[in-house]
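In the part that follows, the structures are each spelled out as structure tokens.
Heads up, the next two complexes both have chain A, just with different partners, chain B and then chain C.
This part shows the complex of A and B:
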């Protein structure tokens, strides 16, 4: 776990540095479980609405897999990896505040059957790179006045 | 206009709901790709249309029968927030800019404050004490005068939306937007007037929408230090707008879409030493959309309005509700005697616990500025 200020960033997963999404490999299935990290959530604010494409939809890294609204701001939820959308957290779709309350476990958003994980995982932040990235992001967010 | 870096200024009036929204959406997408210049659009809709927020349910927010009978168009904004009534006396502000940060998690409140600064400056130049406050609104004397929203479009553009109340037909709004008021009497109108205001009301005189529009343009030019060049749409933009209107804003799938987040409403009555609290709430999922505080207590209206405003789009978690109540009570010392904080917190918690799902025709949050839930329990 990397702690920077009030932000807890688990070290057991990968992070999309642009979109502040985490991606964790489910060792039992090989699927990639996706959620939003605490720093991104802190800047976004409390989620009010989340929508996702239907299960079975092909998704591409960097392209929308759903939409969200927080604090009267709307935008896309961007897929951190390519593959097939295989799971949606229906609890989150009904109660998006679950993402804010429990971002790394119960507040997971989607799961994806990856098609390019070896290549795309290399584009994500992981392992020893996490603390430095978190520190820099916290400083950047503070400079922007987002947190 | 001053400034060295140019923005484009587009002004148009009497536009249809579908076309007006398509323009903003299409321009934001084109600005995101660099295909269009940063654009400030100051416009009005044809009287009248009702626009819900990005994820709201039309049937829960708008009196659809009334709108259909009276030719009032209904549509869905790409930006968030509550349902609004737009027409010739409400100035639409749309600012389409490239997102320099490239960060989808960029703080909503920071964007909203930044992009609304031109509007705040304009209102202050008119002599009004406008402030960016609370739930991303612009207020004058504690009353909402403009609602704000932001949308990040897939191409990397940002669309900032504001609706500025130059004037407002409150009785019409109460007929169009879903409220619990069975009759529209002076009492209900006064209730709205305590929570919203307009440019004309604050100035105490007539002012044309064009004059307000000029002030708003000047406000943006000054705050962002840019020159504004008035121009129309290019042929490519017109084509993109037409396609956007046809594919999205004229499509029932867009206008009448739903989400998995259920709307719910609840109510509670709690006796306090100061009197009976009669509290009603509406929720989107576990989020408070609106709270209505009534009862036989005597409290300053401005304090009650401040409480209701602070609890809009607020977490329903008791500890977060109490923290917000404490902030508002600290700013309004007279409140604690009139409405004991503990009693209010208890009433809110009980109302949330009692909340039942809304089936249809239940009220939401008209204008995102006043609170009109009705009991789900009859």
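This part shows the complex of A and C:
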């Protein structure tokens, strides 16, 4: 776990540095479980809506797989990896505040059967690179007065 | 004429009084086609005909009385932005700010703070003690005086809002889909108590004066020159296409296809909600409607089968934290 200020970022997964999404490999299935990280949530605020494409939809890294709304502000949920949308957290779809309350476990959002994981995982932040990235992001947010 | 290549200049599009579809579709078209070298743009406009606009995630049939909207000939749009359903007419001035996301803050509350500083200061220049409350609500004396919403459309960050010169409270109350009529009555009563207008606060004002101040304050808020410009032919054409989509039955029914009933919670302002609850107590099936201000019950209406007079309980529920109302009800029934 990397802690910086009030932000907890687990070290056991990958991070999309642009959209502040996490991606964790489910070792049992090889699927990629996706959620929002603490920094991304601090920017958005309390989620009131999450929508997702239907299960079976092909998704491409960097393209929308669903939508979000917090503080009367909507946005796209961007897929951090390419593949087939294979799972949706129905609890989160019914109660999006679960993402804010438990972002790394119960608040996972979607799971994707990846088609380009070896290539795309190299574009994500992982392992030893996480603490430095978190530190830089927190400093960037602080410098802008966002936190 | 605003040069499209100068990124420091903000383009001001003054649409004046215009067709209702242009007041929604144009800003969507400009946002959807925005690239990093596009000019950030502010639109100011008023709709010639009244209409309704759903927030992106709202379910039509949980929010509005579809048949009533049709009977009154009111067009309904779905916007790509957040917030709740709005009744929009000529007595409101709309401001719509579209900026490339790289030129706006990342954090939602800072985006609102940046943009909503302009309408807030406009109201102050008009002599009102306006302030931003709860990140995105502009209030005068504790009452909402404007609506706001925002979102990311493509590469654009968009914030929209309106200033209310006057407001048809009765019309909006008739158009909501509600679980039962006592809920509608509470919501109707809550409107003038929670939402104020320029007419009520100051008196009649010329639209042009307010619009001029608003444009000046946007220049101040962004610290950049605001220069009048024109809608391009391609923006206008794309807006026509989007208007058709935004009012299509497919798009209006985009969310909540499985919705069977009306929403049981209605936001009147950031401080005030109307809530519906059902509970069975001592053989009475109770339908309760509450007006809740900052989590505390302000007014309650109870009706039941079999019928009973609940006046004493309704009075006792005033001032009770909303999340404890059932406990209070159980205490009261003993007496």
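Observations
To be clear about the criterion, the second predicted complex is superposed on the first by the 147 of 147 C-alpha atoms of A that agree within 3 Å, B and C clash if a C-alpha of one lies under 4 Å from a C-alpha of the other, contacts with A are read in each partner's own complex, and residues count from 1 in each chain.
Here is the rule we go by: a residue touches a chain if its C-beta (ideal position, glycine included) is under 8 Å from a C-beta of that chain, and two chains touch if they have at least 3 such contacts.
These numbers come from a predicted model, not from an experiment.
In the superposition on chain A, contact of A:144 is made with both chain B and chain C. When the two complexes are superposed, the chain touching more residues of chain A, out of chain B and chain C, is B.
Within the superposed three-chain model, A:18 lies in touch with chain B and out of touch with chain C [touch as defined at top]. By the document's definition of touching, both partners, chain B and chain C, reach A:45.
After overlaying the two complexes on the shared chain, residue contacts for A:73 are found with chain B and with chain C alike. With both structures placed on the common chain, the touch criterion links A:128 to neither chain B nor chain C. Shared interface residues of chain A, touching chain B in one complex and chain C in the other, are 43-45, 48-49, 51, 67, 69-76, 141, 144-147. On the side of chain A, the complex with chain C involves touching residues 42-45, 48-49, 51, 67, 69-76, 141, 144-147. Contact residues on chain A toward chain B in their complex (touch as defined above): 18-20, 36, 39-41, 43-46, 48-49, 51, 63-64, 67, 69-76, 78, 90, 93-97, 141, 144-147.
Contact residues of chain B toward chain A in the complex are 53-55, 78-81, 101-112, 135-136, 148-152, 154, 259-262, 284-287, 313, 315, 368.
Of all residues in chain C, those touching chain A in their complex are 55-57, 80-83, 105-112, 135-136, 148-152, 255.
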